[in-house]
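Each structure below appears as structure tokens.
Shared chain: subunit A. Partners: subunit B in the first complex, subunit C in the second.
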Partner chain A sequence: MRVTLAMKPAARSFIPIEAESIIPKNLLSGTDISVWRGNRELRLDEVFSVSVEGEADRPEDVEVVISGDGTFRLKRVGEYMDGGKITILGDIGMHCGNFMSGGTIEIHGSADGWLGREMAGGSIICRGDAADYCASGYRGGRKGMTGGTVEVFGRAGVFLAENIAGGVVTVHGDAGDMPGAEMRSGTLIIHGDCGRPAANMKGGSCYVYGTAHGMIPTFRKIGTIQHDGQMLIHFTGDIANRGKGNLFVKDYRYLE
Partner chain B sequence: MSELLIRNACVIDPLKGINAETMDIAIRDGKIVEDVSSAAEVIDARGALTLPGGIDSHTHICGTKVNFGRYMSPEDMRAGRTSRCGPMHATSGYSVPTTYGNSYRYSAMGYTTLLEGAMAPLEARHTHEEFLYTPLQDTMANTLFDGNWGIMEAIRDGDTRRVAAIIAWTLQAVKGFGVKLTNPGGTEAWQWGKNVSCIRDPVPYFEVTPAEIITSVVEANEMLDLPHSVHIHANNLGTPGNYTCTLGTLGLIPDLNPKRQTLYATHIQFHAYGGSGWKDFCSKSEPIVRFVNMRPQIVIDMGQVMFGRTTTMTADGPMEFNLYRLHHEKWSNHDVELETGSGIIPVLYRRKNLVNSIMWAIGLELALLTESPWQCLLTTDNPNGAPFVKYPEIIALLMSKKYRDAEFATIHPDTESRVPLPAIERELDWYEIAVMTRAGQAKALGIQDRGKGHLGLGAEADVAIYPIRIDETDPSVDYERVIEAFSRTEYTIKRGRVVSRKGKCLVDGNNATFWVRPEVSDDYDMEKDPDFIEKFDRYYTVRMRNYPVQEEYLNRNRCIETEAEI
Partner chain C sequence: MIVKDVVCPFCGCLCDDIEVEVEGDRVVSVCNACELGTTKLMGEKRMKGPILRDGDGWREITYDEAIRYAADMLLSAERPLLYGWSGTHGEAQCVGVHMAELVRGVIDNTSSVCHGPSILAIQEVGHPGCTLGVVKNRADLVIYWGSNPIDAHPRHLSRYTYYADGFFLENAFRDRKVIVVDIRKTETANIADEFVQIKPGGDYAVLSALRALVRGKGETIPRTVSGVTREQLIRVADLCKGAKFGAVYFGLGLTMTPGKYKNIRNAIELVSELSRHTKFTISAMRGHYNVYGSNEVNTWMTGYPFGIDYSRGIAFYNPGETTAVDILARKECDAALIVGSDPAAHFPRRCLDHLADIPVVQLDPYPNATTAFCNVQIPVAVTGIDAEGTAYRMDGVPIRTRKVLSTDYPSDEEILSRMYALMQEERER
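Our next item is the complex of A and B:
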């Protein structure tokens, strides 16, 4: 089953739309669901031109395609999703794929903050950039992402994979400040540069194939290793947190 | 004129000596009266258990410390969310909920009066502002004097009358209710990076010991004729082997007041630990209780720990720092100028943890071994031991050996060799629970004369009707029903108005704040004392004239005036 949601041009386009109801499981039983714009509840067909092709009897067989000009205003798309696929032909708003446990989200544009926050499984592919707190935990939370994969082909903002406790996060461009802060477990791979990686890490592995700026001084250097055909410098820490994590960097610079 | 008649109520009112009598309660204009006209609104209680409104004599619900707990734990705000509903505001938070969250949840459990356990005088305004938004309970605040420079200097000079004078001035200035000592001397020592190990250690610079602080302040408290006794959080909270220090503290106290206790020792569970370290940590509830049973001048409260996540918060800064070193969690510490300090850290009490399991058992032992329920009140030191929403479970544990055994089977297996709990057969009855949750509190706080904690003529019409018939329920077997009943009243009536019905709050409410103004002679009026004024202006960051909390901060102003001896 393929559900196409083409966003209608809305007059008051600056108000975000809370679209946590858009997940394959809900669309399985019809498109009679609603979303919220501000304090107004709207039917799905008031916001989108909806078309459905084919049939399905399990979420895994549902593909949702979201397109249109204002897709960046859609928040919480794919929250608690457990199977199926969501494709976004454009940018997506904050909190896409919150708590998801299965299925795939593919974003052809960029994603706003909190992409895949606290996700437990499934995979997210973002062809553009991801903003701050991608694949992270939430304010004050002790566990961020616990499983699944997130792959970002552009850059990522600050606090990438903060509090990550499982799963794999890959960023092909640069990451902002503090990627992998409070990391507990899981794997974080950054192909570009970043600032202060893996601060206060407890466990897990963090790979930086570019330069780590403002390198945290409480990591102990162990030696060098060959990884994916690259020579990386191996650190362990964060000693300040009695951590036993592994941090591999291509190059690093301490704060002046 | 508003009138209300509650029919067929099965009343337990310990302060009036009423034990499970079926009767009618007449209410006019917020007071209990002899009878009402036929036009009165009628509630048929149908024999349901009816008690005076609940009183929590030690809880942390309002003030800077609680608020800091809120903003350092945003994850706590994700729990316990409720949306707006009728006159109820949206709430959030579990261990440190919003003020409305506290108020609604307490009200649903039948509580109508709350005592904030620790208010730093300098930050009193914040506490009173939050009281304004705790609409369904009358409130009062214990005021911290544990590290007060003026008081410690007066004690060093051996001038107890001056101690009393400083307490009198401060209480009326900050609209406080009682005198609280939190780790006396220890919070001041912490400002020097130290702590006091027990009651005989001198405080740096001031060279007074906690024992001297406690005895002088207790004496001063009686000089001022305050309604409540000194309220103490003893030194050495939470350290293995601290029970000897607790016994030493309790041993300092003479019997000075015929109407009530002379010392209210709070959250004794945290002070009843044996062992020399965490490895041989064990319960010492028995020696503590034996001591309390022999001394009517002491009232304790449980400070029960229940399993789950919560937030610890106290004025005891050094203790919180030690806790941080144990848990390696986020933490905060705060210093309040010339007065006290505070600290906060979130914790998780786990069944699988031996120390936590022993703590859980100690609280119950204290309540079960204390012969008179008037001497051991039910609290969790909310939220330190557990959020107050756990009270119904605690009530059920105290009333049912079967429930205790069932719970005991789920905790750390080594607990059995460290605690006397499994051998205790006692099951409290309804009357004793009523004492431990309202009558005892009213007496200990000295507010029964203000019409609190009982349903006698002229009393404030604070009534809780619980959906349970005590003649049909055997609490030792039907503990599930007991939990359910105490979690949600059928009706909570505050000052003659139904404020909560089956867990839903019906009105916006309007609380009253009780505070104390002791009348002292001109010689002991600190506002005119040149030495006090000079020290104040020299060391505080605020001017003395800006320090007092204006009466505009009180919703319904209930000033208790007392005649001081000085």
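Our next item is the complex of A and C:
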């Protein structure tokens, strides 16, 4: 089954639309669901032109395709998704794929903050950039992402994979300041440069194939390793916190 | 008439030993207060009555008309923003929270642009803090990190730390040591026993290095960390470990520099580490006299200290998304009520662009930068001068501010209650 949601142009175009109801499981049983624009509840067809092709018996066979000019203000799309596929032909707003445990989200444009927050399974592919707190946790929470994969082909913002406790996050471009802060477990791979990776890490592995700027001084240098055809410098830490994580960087600079 | 034991409604120190002389409806002299407090207590040039924007000018309107305008604006909005709150008393803040829930808007206070990161860090690792009185009477080491009390909290040093007598210290002035950590040599740095000058953005690395040193794992520390030599770091760590009672006070130099709440978290974790050796505490140098109160009121009423979004009928909190700067910069609100704050003087230009596009009502006694963005401004009594109410000191102690003179201006609480009553009537219809 393929559900196409084409966003209608709206007058008050910047008030965010919270659309946590847009997940394959809900659309399997019909399109009579509602979304919220600010404090107003709206029917799905007030915001989107909805069309459904084919049939399905289970969420895994449902594909939701979202398009239109205003998709950047759709928040919480794919929240608690457990199967099926969501494709976004454009940019997506905050909290896309929150708490998801299965299925696939593919974003053709860029994603706003908190992409895949606290996700437990499934996969997210972002063809553009991801903003701050990609694959992170919630405020004050001890565990962020616990499973699944997030792959970003552009750049990522600050606090990428904060509190990550499982799963794999790959960023092909640069990452902002403090990726993998408070990392507990899981794997974070950054192909470009970043600032202050793996601050206060307790466990897990963080790979930086570019330069780590402002390197935290409390990591102990172990030696060098070969990884993916690259020579990387191996550190353990964060010793400020008795951490037993592994940080691998191609190159690093302290703020001396 | 001389009024004694007046509470100064300026900064988070909330000094309660002020004397003011009143003649009629004016304060003519102020004793004991610092320059900042004196200026506020003697403040003049208040607005006479509510004003409504009319083309390129202003038209005077009645309080009833102004309150009706604000109520209608908030009721018809899809996502109203209720911002400010730190410059008013707790009772008014309570009405504000009820109002935000009724109109399903976002309520945020000024901590989102000052010590919000401190609260985020406290939510992660807790707050080993104490009241100012404990520090005054016991601390033999005080660290000011990224704060400059001589300029911003002028009486903090004389009432609670460097110049204050301590009950458990024989010769407080000589026994107390002060460490100042900053990116430049401030006025406060001049009186410090040890001044640590950090390169901008380097606080986190220095805090990590100190944590490792306190744990006896200093061997990985490079020769210099963010411009601070290894020797000085070792000296500071030894000073801290050797103190009987240490107190860290941090300001916006730590909360608003790269890393933000992670800096505070690192500082709190350093304090926890030091508490394995001696007694150490950490507290924030809060700015507005009742910004702590706005966090208290919001927390006991909604569960969250600032940045609370009621659009869906329940409280949702996510600083970075539901905080005023982010909402305005992303154009995610369609009306704003500003109470006891001056966002136009402090917010980035992108936020003000949106503030200029939406209807804005402000409650403030004086014309300020935000007046230029208002559709309606309602002058109110100043808490601590012609209105009374509860405020929270920077260490969380509630102190009731006093009314030192009488004027005809209604208080924030009165205006907001009338607004709220109108909204309730409208909603029940």
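Simple rule for what comes next: the second predicted complex is superposed on the first by the 256 of 256 C-alpha atoms of A that agree within 3 Å, B and C clash if a C-alpha of one lies under 4 Å from a C-alpha of the other, contacts with A are read in each partner's own complex, and residues count from 1 in each chain.
Here is the rule we use: contacts are C-beta pairs under 8 Å (C-beta built on N, C-alpha and C of every residue); 3 or more make two chains touch, one makes a residue touch a chain.
Please read these numbers as outputs of a predicted model, since none were measured by experiment.
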Clash or fit, subunit B versus subunit C on superposed subunit A: clash
Touched partner set for A:Asp193, first subunit B, second subunit C, both or neither: neither
Which superposed partner A:Gly140 touches (first subunit B, second subunit C, both, neither): both
Partner with the higher number of touched subunit A residues, subunit C or subunit B: C
Touching partner for A:Glu63 - first (subunit B), second (subunit C), both, neither: neither
First, second, both or neither for A:Asp129, with subunit B first and subunit C second: neither
Set intersection of subunit A contacts, subunit C complex versus subunit B complex: 138-140, 241-242
Subunit A residues within the subunit B interface of the complex: 138-142, 241-242
Residue numbers on subunit A that touch subunit C, as the complex places them: 12, 14-16, 18, 36-40, 94, 113-114, 132-133, 138-140, 177-178, 181, 195-196, 199-200, 214, 216-221, 238-242, 254-256
Complex contacts: residues of subunit B adjacent to subunit A: 72-78, 328
Residue ranges of subunit C touching subunit A (in the complex, touch as defined): 77-79, 103-105, 120, 123-124, 199, 201-202, 204-205, 208-209, 211-212, 215, 217, 220-227, 258-259, 262, 265-266, 269, 310-313, 317-321, 330-334
